[in-house]
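The same chain A turns up in both complexes below, where it pairs with chain B and then with chain C.
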Partner chain A sequence: MVEQIVFYVFAAIAILSGVYVVASQNLVRSVFMFFVTLLSVAGLYVFALADFVALTQIVIYVGGVLVMLLFVFMLSSKDSLDNIVNLKKEALSANRIPATIITIALLVILIYAILLADFEQLDWIKSNKLLIEKAQTSNVHNIGVNIMGRFLLPFELISILLMMTLVGAAHLARKEPNND
Partner chain B sequence: MSTLIVISILAIVVLYLGLFKAKQALLPISVLGLVAALALAIMEWNSNAAPIFSGMMHFDNFAVAFSSICIITTILVFLLSKNYFEKISDNVAEYYTLILFALSGIIVMVSYHNLSMLFVGLEIMSVSLYILAGIKRKDFASNEAALKYFLMGAFSTGFLLFGIALIYGASKSFDLAVIAQYVIDRPTGIDPIFYVGLVLMIVGLCFKVGAAPFHFWTPDVYEGAPTLITAFMSTVVKIAGFAAFLRLFSICFAPLQDFWMPTLLVITILTLFVGNITALYQTNFKRMLAFSSISHAGYMLFAIVALGAASTNAIFIYAAAYAVSSITAFAVLMLVKAKTGSENFEDFNGLAKSNPFLAFALTVAMLSFAGIPLTAGFIGKFFVFNAALAQYHTWLVAIAVVNAIIGVFYYFKVIVAMYFKDNQTKQIATPAYFNFVLGVSLIITLVLGIYPSFITNLF
Partner chain C sequence: MDFYILYILTASLIFAFIAVFSLFGVYAERKISAFIQDRLGPMEVGKFGWMQTIADILKLIQKEFIVPTVADKVLFTLAPVIIFVAVYLGFAALPWAPGLTPVSMNLGVFYVFAIISVEALGILMAGWGSNNKYSLIGAVRSVAQIVSYEIPIGFAIIAAVMIAQTLDLQLIGLNQGILAQQEIRFFGFWDVKDIGGILAWNIFQAPHLIIAYIIYFIASLAECNRAPFDIPEAESELIGGFHTEYTGLRFAFIFLAEYAMMFLVAMFGVTLFLGAWNTPLPNIGSLKLADYTTGMFWGIFWVLIKSLLIVAAQMWIRWTLPRLRVDQLMSLCWKVLTPLAFACLVISGLWRLLLF
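Presenting the complex of A and B:
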C-alpha cells in the first residue's frame, strides 16, 4: 500500500514537471524543472527494481546532460534566448501542425496499446514474478555478466560508435586556417 | 565477421596514415582494404554459417550479397573521391575514416540477428552520416543539412527504439529467431503491444530509407550535403536500410503480413506519387535525384509489401541497378558542377558535343533509372513487379507503371538537354578515375540489362 502511494506520488511529480518543462515560456525554468522530472523518473526506476538504471539516469542525465545545458545558457547571449521566447505565440501556427499531428498520433497509439495490453498475462512477467526476491541482490551482477557474455558483440561495437563520434567531433571542432 | 573486423581496422589504419601525413597512401590503402574485405565476404558464400556470438550476428547468403554490393559501391565512391576532399579541407584522412566506419555499421545492419545489433549498426551508420553531411563547415547549406539530418534521424531513432522496446515487452527477446518463434507459436492472441511495436518500427525504418510521409528531410539533406556524400547516402545507405528492413520482416514478421501489409501498401503508393510528382517540377539536377531516390525507395518497398521467396532477389537486383546508375549520375554531376559551379539542368546543355562519353554514360544511367529495356533498371523493375504480381497486387503494379511513365518524363529532361540543346562549352577534363568508374558502371548496367541471369539466380 505504501509502495503504491509513493509510486503514484513519483509518477505525478514526473508528469506534472514534464508538462511544465514543455509549456513554460522561460527556458531556464524549464531546465531546472527538468531536474525534477529526471530525478522522479529515477525514483520510478528504483521501484521497477532497476536500481542500476536509476543510478545511470542520475549520473548521466542529471550529472552530465543537464549541467551541459546550463553551460549552454551561461555561454550563449541573452538575445538568442529571447528570440526563442518570441517564436511561440499562436497556439496552432503552421510550424506546429505537423508536430501536433505526430504527437497526437503517437499518444493515441500508445494509449491504445496500454489499454489493450494485459501486462499481467505475459508469460515472462508471470515467471519473473516468482524470481523477484532473488533479483534484488543480483541486478548489477546480472548486467555485468550479460554485457560480457551474451551482449559482448554489441558492447564492442559501441566502442566503434564512440570512436567514430570522437573522431567526428574533433574534426568538426578543429580550427582551420582561414584561407578562403 | 572477418569482413567487419577488416573494415573496422582499416578505418583506424587510415586514421593513423592521416596522422603521419601519408596523404598519397590513403586512397590506395582504403581501396585495397575494401577489396580484401569484399573477398572475405564472398568467401563466406554458401558456407551455411550459423548465428555467432550467442546469436548476435548471422553472416548468411543474404548478408554476403548485400555487404558485397555495399562494399563495391563504396569502392566506386572512393575512386570518385580522388582530389575531392582536398578541396574541402587539408585533413582528408578523417573523411575516409568516417565513411569506413559508416560502412562497418552497414555490415552490421545487413547481418544482424538481434535487434540490439540492428540498433547499434544503425546508429554507427547514422551518426557518421550526420558528421559527413556537415563536413563543409563554411557552407551554410551543408550545416543546415547536417543539423536537419541529425534532428530527424534522432527522432526516427526514438521511434525505432520505442518499437524495439515494445516488441521486447511482448516476446522477451531481442533475438530474431526467438521473436519469429513467438509469432509462429501464437496464430491468435499475440499481445497488442507487439503490434504497436511493429508499427513504430515501420515508422522508424521508413524514416531511415526516406519513404513518404517520412521523407521531408531527404531533399534538403541530399542537396546540402557535399555531392560525394550524397552519392554515398543515396546508394549504400539506402540499400543497407532496405536490407535491414527486409531482413527483419522476412525473418520475424512474415506470418503477420495481413496486419502490416495495408500500412506498408499506403506508404508505398504515397512514396511513389510524392517522389515522382515532386521530381517533375525540379530545375536542380541534384534535387531531382533526391526526389527520384524517394520514388526508387517506393519501388523497393514493393518487394517488401509482396513479401515472399522472391523478395530478396528482387530487392537485390533493384538495388544493384539503382546503385550503379546513381553513381554514374553523381559522378557526371560532380564534373559538371566543378566546371559550371551550379547544378541546374541547363548546365548539361550541349554536353553530348563536348563530352560524348560523359553524355552517353549519363544517358544509359537515366534510361536505367527510367526502366527502359536493355538496361539493369528494367530488369530490377521487372523482378520487383513480378514479385508483386505473384501475390495478385495487380492494381498496385498498374499504379507503379503509371509512376514509371511519369519518371521517364523527368529523366529524359536531362537527356534532351545534353543532346538537343546547344551551348558553346569547352570540353570538361575527366580524370582517369572518373572514366574508370563511369566505364565500370556502364558495363554493369548494360551487362545486367542484357544478360541478367548473372545475379538473378543467386538466392
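Presenting the complex of A and C:
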C-alpha cells in the first residue's frame, strides 16, 4: 500500500516536472527542473528492481549530460538565448507545426501499442515475475555476465562509437599550430 | 512501524555527527593553519578558543537571509539544500562497524559515486542563481574540476573493487581483516587470514593499490574544492567563488557540505583501501591483538580515527601547498593521474587473472 502511494507520487512528480521542462520559457530553470524529472524516474527504476539502472541514470544524466547542457547555456552568447525565448508563441506558427505533427504521430503510435498489448500475458513479464527473487540478489552480476556474453557485440560497438567521439572532441579542442 | 523510527533515528544521528564534526573540523582547521603559519589561532572564546566555532555558528544562525535583487530567487534558495543533501545522502551507504551500516545495499560503492555527482549540479545552481559574475566563474571552474577529476577517482575505485570483487561496502570492509570470508594474501602470496591487522588491508593485499590510493587522495582533494585545487574559490581573484552571495544559515549549509564532503571522501577511501573498520593491530602468535580489537565499538573507533587522520592530512596539505593554475590542474589530471589510474586498473585485472 505504502509502495503504491510512493510509486504514484514519483510518477506524478516525473510527469509534472516533465511538463514544466517543456512549457517553461526560462531555459536554465527548465534544465534544473529536468534534474527533478531524472531523479523521480530513477526512483521509478528502483521500484522496478533496476537499482543499477537508476544509479547509472544519475551518474550519466545528472553528473554528465545535465552539467554539459548547463555549460552550453552559460557559455553561449546572450543574443542566441534571447532569440530562442523571443520566438513566436502562437500555437500554429511555422516554428511549431513540424514539432506538433511529430509529437501527435508519436502519441498515436504509443497509444495504439499500449492498447494492443495484453500485459498479463506477455512472455517476458511472466518469466520476470519468476525471477524477482533472483534479481534482488545478483543484479550487477547478471548485468556483467550478460554484457560480456550475450550482448558483447553491441557493447563493443558502443565502445567504438564512444572512442570516435572522444577522438573527435580531442581533435576539436587541439590548438592549431601557427603557420606564420 | 518500528523500522521507520529506526530510519529516522539513524538519519538524525548521521546529521548530528556531520554538524558536530564540521564545528570541530573548522576549529581544527584554524588551529592547524595557525600552527603551520606559526600563529596562535583562536584563543579568546573558552580555553584554547575551543568554543570559537560554536560562537561563530550562533552568530550565523542569527543573521539575515539576503537575496540579491537580480538573483533567480528559487534557484538561489534551493542550491545550498541540494549541495548539502547530495553529500548527506552519500553517508547512508558507508559502513561504521561489522554489521553496522545505515542502509546496506549491494551497490554501495556505485551509489556513493553517483550521489556525490549531484553536488556539481547544486554548485552550478548556486553560481547561476546568484547572478553575479564571480559566483558564475567560480561555479563553472568548480564543476569543470569536479567532472575532470571524477575520471581518475573512478579508475582508482574500480581498481580497488576488482581486488575486492564486490560493490557492497560492508563486504569490502569484511574482506580486509580477520572476519574475512575469502582467503586474503599479503602482497598476493602470504596467507594472512588469521593474522589480520594492517597486513590484510586492501593496499597491502595488492601493492599497486597504494598508488591507486594516492591517486584517489589527490583527486578527492579536487572533488572537495580544497587547496591546492581551490581555484573555484580563489579569494584573491574571485572573492569567494560560488558562495559569494550567501549569508547566514544558507552559507552555514554550504560550509557544512564542504566539511561533510571532506569526511565522506576520507571515510570512503578508508573503506575501500585502508581496511574500513578493521584494526591495524595484527595477531602475533598467542598475542591475539586483532581479536581483542575487533567489534562494534572498536569498529566505530577505528573508522573514526583513520578518517580523522586523513582529514588532518587534507588540512595539512591545504596550508602547505600553493594553489595550482588552471592549465597545471588539467595537465595533472589528464597527463599524470588518469594514465596512472588506468595502469592500476589493468594491473588489478591481471592480478585477479594470474594470481587467483
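Throughout what follows, the second predicted complex is superposed on the first by the 169 of 180 C-alpha atoms of A that agree within 3 Å, B and C clash if a C-alpha of one lies under 4 Å from a C-alpha of the other, contacts with A are read in each partner's own complex, and residues count from 1 in each chain.
Basically, contacts are C-beta pairs under 8 Å (C-beta built on N, C-alpha and C of every residue); 3 or more make two chains touch, one makes a residue touch a chain.
Worth saying up front: this structure is predicted, and the values here are computed from it rather than measured.
Undergrad: Tell me which partner A:7 touches in the superposition: chain B (first), chain C (second), both or neither.
TA: After superposing on A, A:7 lies clear of both chain B and chain C.
Undergrad: Applying the touch criterion given at the start, work out whether A:29 contacts chain B, chain C, both or neither, answering first, second, both or neither.
TA: second
Undergrad: Which of the two partners, first being chain B and second being chain C, lies in contact with A:47: first, second, both, or neither?
TA: Touch partners of A:47: none, neither chain B nor chain C.
Undergrad: Counting touched residues of chain A, say whether chain B or chain C comes out ahead.
TA: B
Undergrad: In the superposed arrangement, does A:20 touch chain B (first), chain C (second), both or neither?
TA: A:20 sits against neither chain B nor chain C.
Undergrad: Taking the superposition on A as described, I'd like to know which of chain B and chain C A:116 touches: first, second, both or neither.
TA: In the superposition, A:116 touches chain B alone.
Undergrad: What is the contact status of A:71 with respect to chain B (first) and chain C (second): first, second, both, or neither?
TA: After superposing on A, A:71 lies in contact with chain C but is clear of chain B.
Undergrad: Sort out for me which residues of chain A touch chain B in the complex.
TA: Within the complex, chain A contacts chain B at residues 109-110, 112-113, 116-119, 122-124, 149-154, 157-158, 160-161, 163-165, 167-169, 171-172, 174, 176, 180.
Undergrad: Please name which positions on chain A make contact with chain C in the complex.
TA: Listed in rising order, the residues are 28-29, 32, 35, 51-52, 55-56, 58-59, 62-64, 66-67, 70-71, 74, 137, 139-140.
Undergrad: For chain C, which residues are in contact with chain A within the complex?
TA: 72, 74-75, 105-107, 110-111, 113-115, 117-118, 120-121, 124-125, 128, 136, 140, 143, 147, 150, 167
Undergrad: In the complex of these two chains, what residues of chain B are touching chain A?
TA: Residues of chain B touching chain A: 8, 11-12, 15, 53-54, 56-57, 89-91, 94, 97-98, 101, 104-105, 108, 114, 116-117, 120-121, 123-124, 127-128, 130-131, 134-135, 137-138, 166, 169-170, 172, 191-193, 195-196, 199-200.
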